[in-house]
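Both complexes below contain chain A, partnered by chain B and then by chain C.
Presenting the complex of A and B:
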């Protein structure tokens, strides 16, 4: 697996990990109980996808998935700015969800045709689960599509889908929370 | 030790989250190979974020060890598991305990229209007058539905 392929997998894995984390912030505080359940479940899937993708790259590099997920510095993450933001407005969360799932579907379709059978297989497996995320995003999009605040959120957030490399200040903040327990122990601790 | 004995032994291990069904019923055991006291199990996980996966893997290794063999659980991160792998016996056990078994998978991924249709049967009374309450449920593999006939909410296994 060459460097370019590894980096593509890391982009996706980082997107899924960070978005999974952001989605989990709705656990307990979503405006509807049903959405509490939905976003918690989506978060769990996304982090599961991240783990499986990290495992492929980690094996190439002779390290563990956890080391890839948590032991890099924030500027080494390859996620898009879209997933980094802490969005506690419902219309913005749904707008991000809709934009992300659409883009993720295109990316997975491409990955499913990879020459590397392992990558193509994993992409197909991930896509089976993502189909339910897309349905959920579609359902909310249909409900909100002519609400001005939602339309505004879509146009504000769309450009952030392709912004990678430079990060928002929210990523290091999140990274601090995400890795606090891991960093509290000496390096080399066996978890 | 034979492969058939290992299949029988793994068929006694319950799914950690839905214990009415065994790991073999669930279709996560893809292949077993026995060689000189060494047992290799190809394990194809269900949902990638499912916390039960580690429990399943460890339970299989433990069971094989208790039979006096050295286990090797090979986790296949490929696309080899689908809800179509749940055995007919497994589907019936799910239904009998109030989980509607997954609909067979079609050539394309399931759609919202299908989910919102009333083609899903209530596991309690058999009515198809049921509606989607939530695409998601208590675990990644389940959706929530409501049966208008017996007025009972129920869990529907997702089709993947």
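Presenting the complex of A and C:
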């Protein structure tokens, strides 16, 4: 697996980890109880996908998935700005969810045609779960599609899908929270 | 709106009540029911029914009191107990008379 492929996998893994983290912020405070269950489950799936992708790259590099997920500096993450933002409005969260799932579907279709059987297989496996996410995103999109605030959120967020490399100030903040337990342990701690 | 969810564990088995979901419309009910009762391979089918569509019956007037027409629940238990008691007392009576002889 060459450097370029590894970086592509890291892009996807970082997107999934950071979005899963942001989506999990709705646990316990989603607008409806059923939605709380559904959205939390989606968040957990995304983090699961991130783990599987990190494992492929980690094996190539002789390190662990945890080290990739938590021991890099914020600058080293390859995620898109779209997933970094802390969105406290439900319509914005749904707009991001919809945009992300659309883009992720296209990306997975490509990944499924990879020459590397392991990558193609993993993409197919992830896609089976993403089918439920897309169904969920579509359901909300159908319901909100003509709400002005939702429409505005879609057009505000869409350009952030492809913004990679430079990060928003919200990523280092999230990173600080995400890694605080791991960083607070004395060196050499075995988990 | 409340929807009642029925699930079938394997093909050919009866659908059994699994629980309920609260959803704004049929589309939401579909997605939430899949999420909670279907997407982990635990069901081979789901029925999702608005609670308002369920006709409920709670009281049954036994107007003729002819419960002997029912094929279920014919109360054998008491009859058996009576028969058993009779057998025991007959046995002990004969044992008693044998002792006397």
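Here are a few things to note about the model shown:
Going forward, the second predicted complex is superposed on the first by the 191 of 191 C-alpha atoms of A that agree within 3 Å, B and C clash if a C-alpha of one lies under 4 Å from a C-alpha of the other, contacts with A are read in each partner's own complex, and residues count from 1 in each chain.
Criterion: contacts are C-beta pairs under 8 Å (C-beta built on N, C-alpha and C of every residue); 3 or more make two chains touch, one makes a residue touch a chain.
Small disclaimer: the values here were computed from a predicted structure and weren't measured.
With both complexes brought onto chain A, simultaneous placement of chain B and chain C is prevented by a clash. When the shared chain is aligned, chain B comes close enough to touch A:56, but chain C does not. In the superposed model, A:86 makes contact with neither chain B nor chain C.
Residue contacts after overlaying the shared chain place A:132 against chain B and chain C alike. Of the two partner chains, chain C is the only one that A:143 touches; chain B does not reach it. Of the two partner chains placed by the overlay, only chain B lies in contact with A:121; chain C stays clear of it. Once the two complexes are overlaid on the shared chain, A:44 sits against chain B while remaining clear of chain C.
Touch criterion met: A:34 reaches chain B and chain C at once.
Between chain B and chain C, it is B that contacts the larger number of residues in chain A.
According to the touch criterion, the shared surface of chain A, contacted by chain B in one complex and chain C in the other, consists of residues 34, 37-38, 41, 132, 135-136, 139. Chain A contributes residues 32-35, 37-38, 41, 132, 135-136, 139, 142-143 to its touches with chain C in the complex. Here chain A touches chain B in the complex through residues 34, 37-38, 40-42, 44-49, 51-52, 55-56, 117-118, 121-122, 124-129, 131-132, 135-136, 138-139, going by the rule given at the top. If you check the complex, the residues on chain C that touch chain A are 21-24, 27-28, 30-32, 34-36, 39.
Of all the residues in chain B, the ones that touch chain A in their complex are 47-50, 77-82, 109-112, 115, 133-140, 144, 158, 160.
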